[in-house]
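Just so it is clear, A, B, C and D label the chains in written order, and each chain counts residues from 1 on its own.
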Amino acid sequence: MVKTNVNIGSLKLKNPVMTASGTFGYGTEYSDFIDLSKLGGIIVKGTTLAPREGNPYPRMAETPSGMLNAVGLQNKGVDYFVENIYPQIKDLDTAVVVNVSGSTIEDYVAVAEKINALDKIPAIELNISCPNVKEGGMAFGTSPRSIEKVVKAVRQAYNKTLIVKLSPNVTDITEMARAAEAEGADSLSLINTLLGMAIDAERRRPILSTVTGGLSGACVKPVALRMVWQVSKAVKLPLIGLGGIMNATDAIEFLLAGATAIQIGTANFIDPQISVKVAEGIEEYLSRQGCHSVQEIIGGLVL
Amino acid sequence: MKKSLIDMSVTANLSVNNRSVLLKMTPADGSVLPECKPGQFVEMLVEGEPKAFLRRPISINYVDVEKNELWLLIQKVGAGTLKLAEVKEGDIINIIYPLGNGFTIPNNKEQKLLLVGGGVGVAPLLMLGTELKKAGHTPVFLLGARTKDDLLLLDKFKEISEVYVTTEDASEGEKGFVTQHSVLTKERFDFIYCCGPGPMMKAVAQYANKVATECEVSLENKMACGIGACLCCVEDTTNGNVCVCKEGPVFNIKRLKW
Amino acid sequence: MVKTNVNIGSLKLKNPVMTASGTFGYGTEYSDFIDLSKLGGIIVKGTTLAPREGNPYPRMAETPSGMLNAVGLQNKGVDYFVENIYPQIKDLDTAVVVNVSGSTIEDYVAVAEKINALDKIPAIELNISCPNVKEGGMAFGTSPRSIEKVVKAVRQAYNKTLIVKLSPNVTDITEMARAAEAEGADSLSLINTLLGMAIDAERRRPILSTVTGGLSGACVKPVALRMVWQVSKAVKLPLIGLGGIMNATDAIEFLLAGATAIQIGTANFIDPQISVKVAEGIEEYLSRQGCHSVQEIIGGLVL
Amino acid sequence: MKKSLIDMSVTANLSVNNRSVLLKMTPADGSVLPECKPGQFVEMLVEGEPKAFLRRPISINYVDVEKNELWLLIQKVGAGTLKLAEVKEGDIINIIYPLGNGFTIPNNKEQKLLLVGGGVGVAPLLMLGTELKKAGHTPVFLLGARTKDDLLLLDKFKEISEVYVTTEDASEGEKGFVTQHSVLTKERFDFIYCCGPGPMMKAVAQYANKVATECEVSLENKMACGIGACLCCVEDTTNGNVCVCKEGPVFNIKRLKW
C-alpha cells in the first residue's frame, strides 16, 4: 500500500492531485463523471469581491496542443459564493480551496476575510496572475514589490493556508516566488497561463474579443516544469505544480521537479475523469518503482 | 439528466454529400442509450489529429431507440470534423453526453410549429420533428441551403412531415433564404424552432419578433468543456453571460440580445 | 502578379520568408530539397568569436507540438566562417544574414566587425537571447540596460543592417524592443526560444544534458504572435516574426500582427521544403484576398 | 548523394513479431529508388499522431532493386513508431532519404567479417550482409536478443550466410549476450560491424579493441532534422561533437570516446 497523502502547509491532501481554478467549476459540474472524494483537492473558480460578467464572447481559441482563454474572472462575487455555493460544496470529502481574485489590494483582502470565516475552506489560492482582466490580476504578479504588498495584506487577513499563484509571464520567476515567501505565503502554485494571441488569417481579425488571452494545455508543460524546478531551488515552501498536465506521467514529472502537489486544468475539458485517472496513475507508478510514499519522488530529480 | 463519458462503437458511416456524413453508433459496452432530448448535443473526442486538441461539440441528429443507435450528422468544416468523418464501422469514439437543455415540446397540440434549419443546422430538427410528431404535433419544416446538394437528409424530413425548401441557386424549392419563403407570408405559426448559421438564425428571430411568434434557436458558440466549467461559450443574454453548453444550446429569443 | 518584396532597413528581401538561425545550417544543407533563391533570406548559424563545442549530448527533447534544444551555439568560430563558409555561400541568390552570438560585448563587437567586412553579407542578427549558454546570450536580452550596451557597441562597429533578436523570457518585451530601437537597431526579430525543461519520469532524470533548453515549434506560436503584436505597437522598426510558424497561414498571422518578414525555424526539420512552400502560400493568399502587394497585410490586423 | 523528400506508397506491412513490423514501400511517383548504402537511414513523417512532432529516423533494412522496394523494420517503441507500424498497403508515407554515411565495404575479400546485431539493431545488417556477399565477401552474423521471439528476420539472415545466435533466456542459440558467444573465442575476425542497443555496442567495441579488430558501430542518437542542420544528435568524437545524422550514423570506434 503506497502512501499518497501530502501536506501543503497545514492543508492536508489525501493525494497530490488537485483541480485547477477555472477549469473545474465548483466541482459539482464533474460529479457525474468522477467520485470527487478521490481527489486531493479542488480549487474552485476565481472569486472576486463584486460580481463580474467577464469578457465578451469569443473567449476561446484552440492552438497547437493547447488553447487560449479570455474568460476574465466571470463569477457572481464572494457574497453569492458564501451564501449559495459554499453550502453545496462544504461537505465534499476533499479539500476545497477558493481562488481569490481582485483588482485592488483592498478587494483581495475583503474576499480573503470573507473566505476566512468559512470553516470548511482550509485554504485560499491568491490569484495574482490572471492575464485576462484589465486591472489587477497579472499586474500584481509581475513585480516583486506588488507581490510583497498584496501577500502581506492578505496574510494579515487570512490565517489558514495561503497559496499564491504565480504568473509565468516574468523574466525571473524565482524573484516572485521569494517575494511571496518573504511575506508569509504558505505555498506557491505555478504556473498560471502564458499570455498569447490567436489570429484568424482569412478574416484578418484576432480570434479573442480581448485580442490576447491565457495559453494553457500540453503545449506549456515544458515552461511550467522549468519554472517549478527553478522555484523549488529558490524557496523552501511546498509548491503546487500545474501547466499542461494531461496524464499521470506529466504529473510525476512535476513532482520530480519539486512540486508537492499538482493541479489538473485544461485536461479536464478533454477528459472529465482525468483527475482521478492521474491520481490512480501516480499510485501505479509509485508501486512499480517500489516507493512506499509519494514523498520519495517529490523533488527527486536525479541530476 | 446524468451526463456520461462513454465509448461508442460506430455502426455505420453514411455519406450524405461530399462534405457531410451521418455517423450511427451504439454504446460499446452494450448499455442502453440514456434519454436524450432534441436539441441536446455530444462532445466527441478526436483521436489521431494533432490539430484537434479539444473535443468537438456535435448536435444529436436522432436517437434510434429500437436499434439503440445515436445518429450524428458531421459536416467536415475543419481538421477535427474531417477526422471524425473518417471513422469506420467498428471504430470506437469516446463521447460525453447528453449535454445542454434541448428544445421545448409544447403541451398544446393545436399550435402550428415551424422547424427552420439551414445547412448542417438541420441536424437536431430531425429528432425534434420526430419527437413533436410522436407527441401529437404536426410540425412543418422549412429548410434552406446554398444548393440542392447541400440539403442534408431531405428524404428523412419528408418522411416525418411537410417540408418547404429554399436554395440560394434555386436548384430546389424556392430561390433565396428561408426568411424569403412564401409560406411565411401565407401562414402564421405559433412556435418557430431554428438551427443554422448565425445570420440565418438572426433573420428568423427578427421575423419571429415581427410576427410575435415564440421562437427558440440553437446556438453554436465555440466551446471547450461542454459542461459549464470553462465559461468559454458564453452568450450575452438578458441574464448576462451564460454558458451555451449548459443553459443552452437552445434559447428562447426573448433571452437573447439579438 | 503580387508584389512580395519587403525591406528590413536597407536589407531588401524578395519575399518575407527567411529561415531561422540554427535550423537551416548554412543553407547548403537544404539545397538538395529547395531552390534557395526562392527564399527572402537565410539566417545562418549562430557564429561566435572563438570556436565552440556546444553542450553535451543529449541536446533535444520532443514536447507536445514542439521540441526543446540545448545545442549551445556549437560553431567553428567567425574566422573559420569567413575563410571556409563564406566563400561557399556568398553567391547564393538570397539575402544571407549572419547570426552573431557571444559571451561579452567585446566578443559581439569583434564578430560584428569581421562580418562587416564581408561584402555579400548585408545584415547581421544579434543573438542576445540564446537560452543555452552559461554566459551571455539570454542574460543580455533580459534587461533593457544590457541590451542598450550591447546594441550601442555593435552599432558602432557595424554599418549594415543590424537586426536584434529578442528573448521571450521577459516580463515586458516592449521594454527590450525600445531599448534596442533607442540604440540604433534597424530591425528586431522575435521570438527566440522559451526556456523549458523535460523530464524522463521512469529514469527520474532531466532529458537534456543542460536540464533546461529552448522550446520551439508550433506550441510557442500564440506567445510569439502576442509579442510581435505588442512590439509592433511599441516601436517603429520593421519586425521579423518567428516562433512556431509551420505553414503559410501561420506566417500570414505574423504579418498581420505587424511583422514585415518572418522566419521559419523548427518546421524546417519536419519538412525541408516548408520555407519555399510558405513563400508560395503567402503569394496564393494575397492573390485570393485581392492584394497587390504583401505590404497591404503587414500590420493589417483589424481590431 | 542527393537527398530526396518523397512520398512512398506502402506495398506491404508484414508482422515480424508482436512488437515489430517490416514495411515495404516504393516511390509513389513510380521513380526508381536512389542508390542507398547499407547503414544509411530515412526520416519518416508521422501523420495523425499528436505525440509525434518530429520525423522518426529508421535504418534502411534492405533495398529490393528488382521490385524497386525499400524495406524498413519498425519496432514499436513509442507513439511515433506505433503509428508508423499501423500503416496499410496503399497508404502514403513521406520520407527523406538516403541519409547518413553507411558502413565501409572492405576491398580485401579475404578478410573475415562479423556482423553483430541486437534487437531491432539487426535492421541495417540485412542490407549490409547482402551487399558484402554481393561484393564477394563471406560475412558471418552474430545476432543477440532477449528471447527467441525477439530475434528479428532470422530466416532472412540465414539465407545470406552463417548465423550465430545468443538469447538471454537460452530459447535460441547460446545463452547470454553476443559478446559471450563462443565463436568469439574460437575465431578471430578482421572487421566487426555492430548495431544494437548502446550497452551492447559498447561491449562489442571493447571486445574489438581488446583483440585489435577494426570495428564500425551504428549510433542511434536522438535526432531532429536528420540532415546536419539542427546539431542535436551529436556524438563526442576525437574531432569533437559531430552530427550522427551526417557524419554517422556509422562510426569507426577509433573516432569514438567510448
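By our rule, a contact is a pair of C-beta atoms (placed from the backbone, for glycine too) under 8 Å apart; a residue touches a chain by one contact, two chains touch by 3 or more.
Keep in mind that this is a model prediction, so the values were computed, not measured.
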| item | value |
| --- | --- |
| Euclidean distance of C-alpha centroids - chain B vs chain C, Å | 47 |
| Gap in Å, rounded to a whole number, between the CA centres of chain C and chain A | 34 |
| Chain centre separation in whole Å, for chain D relative to chain C (CA means) | 36 |
| Sequence positions of chain B contacting 2 or more other chains | 50, 53 |
| Numbers and ranges of chain A residues touching at least 2 other chains | 63-66, 217-218 |
| Topology of the chain contact graph, where touching chains are joined (line, ring, star, complete, other) | ring |
| Pairs of chains satisfying the touch condition | A-B, A-C, B-D, C-D |
| Contact set on chain C toward chain D in their complex | 22-25, 29-30, 32-33, 53-54, 56-60, 62-67, 69, 71, 74, 217-218, 266, 268-273 |
| Chain C-touching residues of chain A, taken from the complex the two chains share | 61, 63-66, 68, 142-143, 169-172, 194-199, 201, 203-206, 211-212, 215, 217-223, 225-226, 229, 244, 246, 249, 252-253, 256-257, 285, 297, 300-303 |
| Complex interface listing, chain B residues touching chain D | 48-50, 53, 83 |
| Complex contacts: residues of chain B adjacent to chain A | 2-5, 45, 50-55, 96, 221-236, 240-241 |
